[in-house]
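Several structures are given next for inspection.
The following pair of complexes shares a single chain, subunit A, combined with subunit B in the former and subunit C in the latter.
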Partner chain A sequence: MTGLPLAPMARMAGRRLLYAVPVLLAVTFGVFAIAAASPFDPVKAYAGTAGFSASQEALDQLRDSLGADDPFVTRWWDWLTGVVTGDLGESTSMRQPVADVIGERIGWTVLLCAVAFAVAIVAGTLLGVLAARRRGGLLDRAVTSVAYALEAAPPFWLGLLAVWLFALQLDALPAGGLTDTGTDVVSFGQVAEHVLLPASVLAVSQMPWFVLYVRQGVGDALDEDPVRGARSRGLAERTVLLGHALRSGLLPVLTLIGTRVPELITGALLIETVFSWPGIAAATVEAATSVDFPLLAALTVLATAAVLLGNLLSDLLYGLADPRVGFDG
Partner chain B sequence: MAETPQAAAKPGAPDGPQDATRWRTRGTGRKSVRTLRVRTSAAVVALAVLAVLVVPPLVQLDQQAVDIGNKLAPPSLSHLFGTDDVGRDVLLRCVYGLRVSLLVGVVAALVATVVGTAVGALAGALGGHVDRAVMRLVDVFASVPHLLLGIFIVALFQPGVWPVVASVGLTHWVSTCRIVRAEVLSLRGRPFVDAAVSGGASRTRVAVRHLVPGVLPQAGLAAVLMVPHAIWHESALSFLGLGLPPHQASLGAMVQGARGALLAGDWWPTLFPGLFIIIPTLAVAGLAGAWRERLNPRRRSELTL
Partner chain C sequence: MSVRGIRAAVSVTAAAAVLAGAAACSNPDADDDSGGSGGDGATAVIGVSTEPDTLSPLLGYGKDGNSKLFDGLLARTADMELRPALARALPEITDDGTTYTYKLRDGVTFSDGEPFTAADVVFTYETILDPGTNNPSKGDLEAVDSVEAEGDDTVVFRLKYPYAAFAERTVLPIAPEHAAGKGDVNTGPFNTEPIGTGPYVLDNWRKGEKLTFSANPGYWGGKPKVAKLTMAVIADDDIRATRLRSGDLDGAILPPNLAKTFAEDDDKQTVAATTFDHRAVTLPTDNPVTGDLAIRRALDVAVDRDAMVDKLLEGRGKAAYGPVPTDSEWFAQGTERPYDTARAEKILDDAGWRAGDGGIREKDGQRASFTLYYPSGDKLRQEHALAFAGDAKKVGIEAKVESGTWEVIEPRMGEDAVLAGGGSPADPDFDLYPMLNSELAGQGFNNMASYENPDVDTALAEGRESGDKAERKRAYDKVQQELTENPGYIFLTHIDHIYVVADTWRGLTTQVEPHEHGFGSGPWWNVESWQPAP
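Right after this comes the complex of A and B.
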């Protein structure tokens, strides 16, 4: 017996899945509509440099087999039916099936984001509590100011400065990639060493929001009756702060994390590019620079699905954290 | 899922109404800190606007001018921010970069605000099926990460000023739309609207004379806060090589262009363009925060992110 309200949670998840279907359909439709309105030519993209020397007949044949002259609604439908059978098309820039590109790379992105999130939550909670402990104090003002500045700072700029400081000046960590140059062996030690800097920068770029909300949540909780009661019972300040204020102040913030998936994806796009991390976000940028429509379309849909999943997770957690809210949304 | 969880005001969420007296009460000291912050913000914004408007025509210095003997010179009196890898003055390029970034940011924010206000006001005023359809559309747009959609649009339409403006404008109208719709819905229930309707005013007249003026302050605030967002977005696209062409270097493109110098250990061509993004952003946020306090005095300590 887990004690969790599994049935209502499952009902909420089911409703959200049903709701996600039209959203995803609309996004894929939009993606194909934008492509149809743009000067993008799938035949040229597919043929690549070979397209310059190919004969007109060969190009026409390719055009026919790609269905490039069909109306975009038809192409959208063909793509959708392909996706249902697991065929995401062929990436024109990587010259391999889109599903393989995603499969090879998604693990590295998940690793990077997971480490970054773990660092951001631990460090962010710590800083938020320290700032909330004496609101208006010197530490609070320092933490708050730095948080606002970091919120405004572009993540790629933070990443580059981190490379300059930690890789070039201090020579403490590698500047990018997954392994040292010269080795192809992906060992645990190598990956751990290489993930540290990009994950830390991603964490720092995601943290300001978290720090400020923890500060506000814990600070508000410190002014409420349960804390006053705990203090008047003579409990130690540490117990009051960590056992009472942190517990009630942190919980709502933790549940909001799921809604930060768009910002996380944005950060990963930039950080992976700076650090040449072989993840899916860096692949998105490569796909965009070489106008690889099949890969871009699949990645856009994947990111949308991740955002919807994050929202669901957030609402499920919120229902658990605050039973008054329930699982009706 | 009608709203994302951020939009729904949940009990205990940190953006609830705040009692101002619960915050630091060191009397006058607190007030002067706030005044100082607003004044500094205003000064920075004024300086930035002045710099991008006045410096280029007045100084008559060519931002492309190179100081051949002084490639990658560190900051000094003759080049306050140093020079870049071909000997261009980094300070001058930062001013020009800010000019490009600010122009793109303001235009994109205007596009986003006009679209968001129009759609939001329409949804709020008409209600019913139109409202539901619009809110579903908003949900769809809110589900795609903005930068990703921007990358997608710019990639298909070729990098350039207009695709960047369009990609920023078309992704950022959603938040303005939500704000304006909520404001119109709350205005619709107010007595002066009822009075106008019972006085025989037409729907158009009610909308133009009573609803739109009511939402303008909120829409204006959203527009001002949108400018740094748009600059941030544009700089990210330019950094990825999907923004403006090199001869229209924005701040993001400058950071991208300085990567080689950075890897050789020269930090100044990277550091200063970033500061030129951060400092105006903080200044605009400081001003917008003060403006927000005047609009909603009871919610004075809301987080502005």
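Right after this comes the complex of A and C.
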């Protein structure tokens, strides 16, 4: 890895970091504003079912104690000043500090997303290349039409379908959770078995984009001069396909990696809910419906950061793969 | 890094994915022992539909007893009688029912080995009553004026007014001051890592997935036979039923239609619990139609409660004529109202409600029509609402059924009817007072119909304050009779709760259950005393 243009890459990362600050500020402010405008009442959400039998006095006390009547700008400012001093605040819906809520969940979400994303990229690329090799062939038509169908299918629907088929009908894989119901030990085998179904569903829901992009890129590249040249030099078809066509056909996929991150996160939220996966998704839903400002803001910052990082990563990769682009963005 | 580098990275992730797949395939089934086998060290895996928000009694966990992790001063038997728990005996009641004195059990320790003392009791109650504690149920203890420890083993409660049902409130779990007093009561670690005196200790809580408990070897009531208890949180009824069928669960709460599918299974038993869990239609006083006495009385006899029990509940329930179910000792005999559409029509005719457009009655230009909300997604309430509307239509009253979230419904509760549910069995005061007292009209979800009846208010106060059971019975009989004269709510059904459990356990019982039935309800209310079948 010599000759890596580290300095321009670092400059680009630094610029993006500076740029991220106003974005994050605006996003958190927006989250507070939207949550405040939502019809959900933080007091009722906090009280839950106990709220139905709670006395008015208890509810008023709760409202006061939760600061539910403070204007959202005040709450945003309090939150922000807290965060600057390293205090993420306390989650009212989880009855825990926000840092704890996120700390004990994020690992599982990252695991789910990483596995799914890797599978989607690898399998998507593979299928895309196969489809591009003979455009209009049987395989191409099958792969393309399934990809379009899957592109239109919402992830939670795919999730329910997968639970129905693999867990209920075939009884081949567990329907949800991190480990078997009867056991507490989080062993590698247990987690691997339990992550398989949700990660596959998430991967399948992301794969169509990769398949179609790769198919298009590689297919176009196969028609270009360098490939024709390579063929005329008598290179093996395999070398032509992987060494020439795939190499230039992959460029759009690098961009895609960055732009799929938001989609991956929302997909993961739905998948986690369907599969009772103990990640941050359930917390996000709970935080939103409970108007749990500190938790909601922290989760939004995380999601925004993931999106910005995804973009940065794809720009860096693109710059590396195609030096003409450079690192000026 | 070049494209070659990227390719290398891609192949590494591919290899990792393949490895993960292989690991999943070769996962041994060695730990597949989830079936509740009898004998020592038995396990039980229970499927529940919801999980608690917190495990801290200070924030409301287990306030009605059977909390597994904690004990109250008192507890309830299968027959809903109070019995001593952390107290040595039932309380001594003096000063016309305003002073309750509890003597505490000796030699009880918390699961971390620290002794249980009167200071813990005082700490628990005082913390709950503290305005800074976010406990939505603190209104339950509204009568408490002060809590004091006298020595290490006596606690004295002084009440603001004589409150006959107070002893029932002291099933509330006691938290240890030394552990729960540390950190923020609202968000501190005690909410997820509780320490109690109860039959079980918490091993692990993965929110949204499950809670696991193991038997507390030092439990003062004797170590439970069920050594390991898992509460799996499965919101979807169908998935819960499937996991029960596959043997993943040993027991689960199920709706009647799914419970029925287990009737033929030899290795499963069905346990039905009678309840105070009612479904009722609120008739807001301020609505010109639902506030009209003739409309109320007509609706009260126009609804076919028995048909609802048969069709909507598959027979698993009872017709309801008030918050108190017909088989309770507090039920006022003779207040049942038979289904009688002819009588309903006569009441309406006599009051001047005449048939108008489309068969809907009118009086002085007012159509006999109102909106009935049910919380969206609640299938049982939807079915009740539609059945109610169908019955009302037959006598010329239109109930327009609509659904909405509670955010939509709550601001409209003053004018529109709601298909409501509720019920707590321990004392009639718990349901009747907040539901019918005119002072609580429109406060939160109390007295949703804004019911106003001075005679009822007086009787409710008598029932609340009298220490004499016969006197209380007379007062609550009066309340129930008034409800037949002026029904501010149309009570429809009391719903049985159905549980399906593996046959490996015998002598399962249930308590009379409240509307909210979490871990504390169901046959596992006393899982600490379960005996494996021989």
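Here are a few things to note about the model shown:
The rule is simple: the second predicted complex is superposed on the first by the 284 of 329 C-alpha atoms of A that agree within 3 Å, B and C clash if a C-alpha of one lies under 4 Å from a C-alpha of the other, contacts with A are read in each partner's own complex, and residues count from 1 in each chain.
Everything that follows uses one rule, which is that contacts are C-beta pairs under 8 Å (C-beta built on N, C-alpha and C of every residue); 3 or more make two chains touch, one makes a residue touch a chain.
Model, not experiment: these values are computed from the prediction.
Touch criterion met: A:F40 reaches subunit B and subunit C at once.
Legend: residue contacts after superposition of the two complexes on their common chain; A:Q61 is shown touching subunit C, with no touch to subunit B.
Touch criterion met: A:A175 reaches subunit B and subunit C at once.
By the touch criterion stated above, A:D220 is placed in contact with subunit B alone, subunit C being left untouched.
Once the two complexes are laid over each other on the shared chain, residue contacts for A:T125 go to subunit C alone; subunit B is not touched.
In the superposition on chain A, A:A99 contacts neither subunit B nor subunit C. Of the two partner chains, subunit C is the only one that A:Q190 touches; subunit B does not reach it.
In the superposition on chain A, contact is made by A:V115 with subunit C only, not with subunit B. Shared-chain residue A:A282: touches subunit C; no touch with subunit B.
Shared contact residues of subunit A, touching subunit B in one structure and subunit C in the other: 39-40, 163, 168, 175. Contact residues on subunit A toward subunit C in their complex (touch as defined above): 1, 4, 39-41, 44, 46-59, 61-62, 64-66, 90-97, 115, 118-119, 121-122, 125, 163, 167-168, 171, 175-178, 180-185, 188-190, 192-193, 195-196, 247, 250, 276, 278, 282-283, 317, 320-321. Residues 1-2, 4-6, 8, 10-14, 16, 22-24, 26, 30, 136, 139-140, 143-149, 151-158, 228, 232, 235-236, 239-242, 252, 255, 259, 262-263, 265, 267, 270-271, 273-274, 277-278, 281-282, 285, 303, 305 of subunit B are the ones touching subunit A in the complex. Within the complex, the subunit C residues that touch subunit A are 1-3, 5-6, 10, 13-14, 16-17, 20-21, 23-24, 26-28, 31-34, 43, 45, 53-54, 56, 59-60, 131-139, 142, 184, 186-187, 191-192, 203-204, 206-210, 212, 230, 232-234, 239, 242-243, 246, 248-249, 405-408, 410, 422, 424, 434, 440, 443-446, 516. Chain contact summary for the complex, subunit A toward subunit B: residues 16, 19, 22-23, 26-27, 30-31, 34-35, 38-40, 135-136, 148-149, 151-154, 156-157, 160-161, 163-164, 168-169, 175, 208-209, 212-213, 216-217, 220, 223, 248, 251-253, 255-256, 258-259, 261-262, 265-266, 269-270, 273, 284-285, 287-289, 291, 293, 296, 299-300, 303-304, 307-308, 311, 314-315, 318, 322, 324-325, 329.
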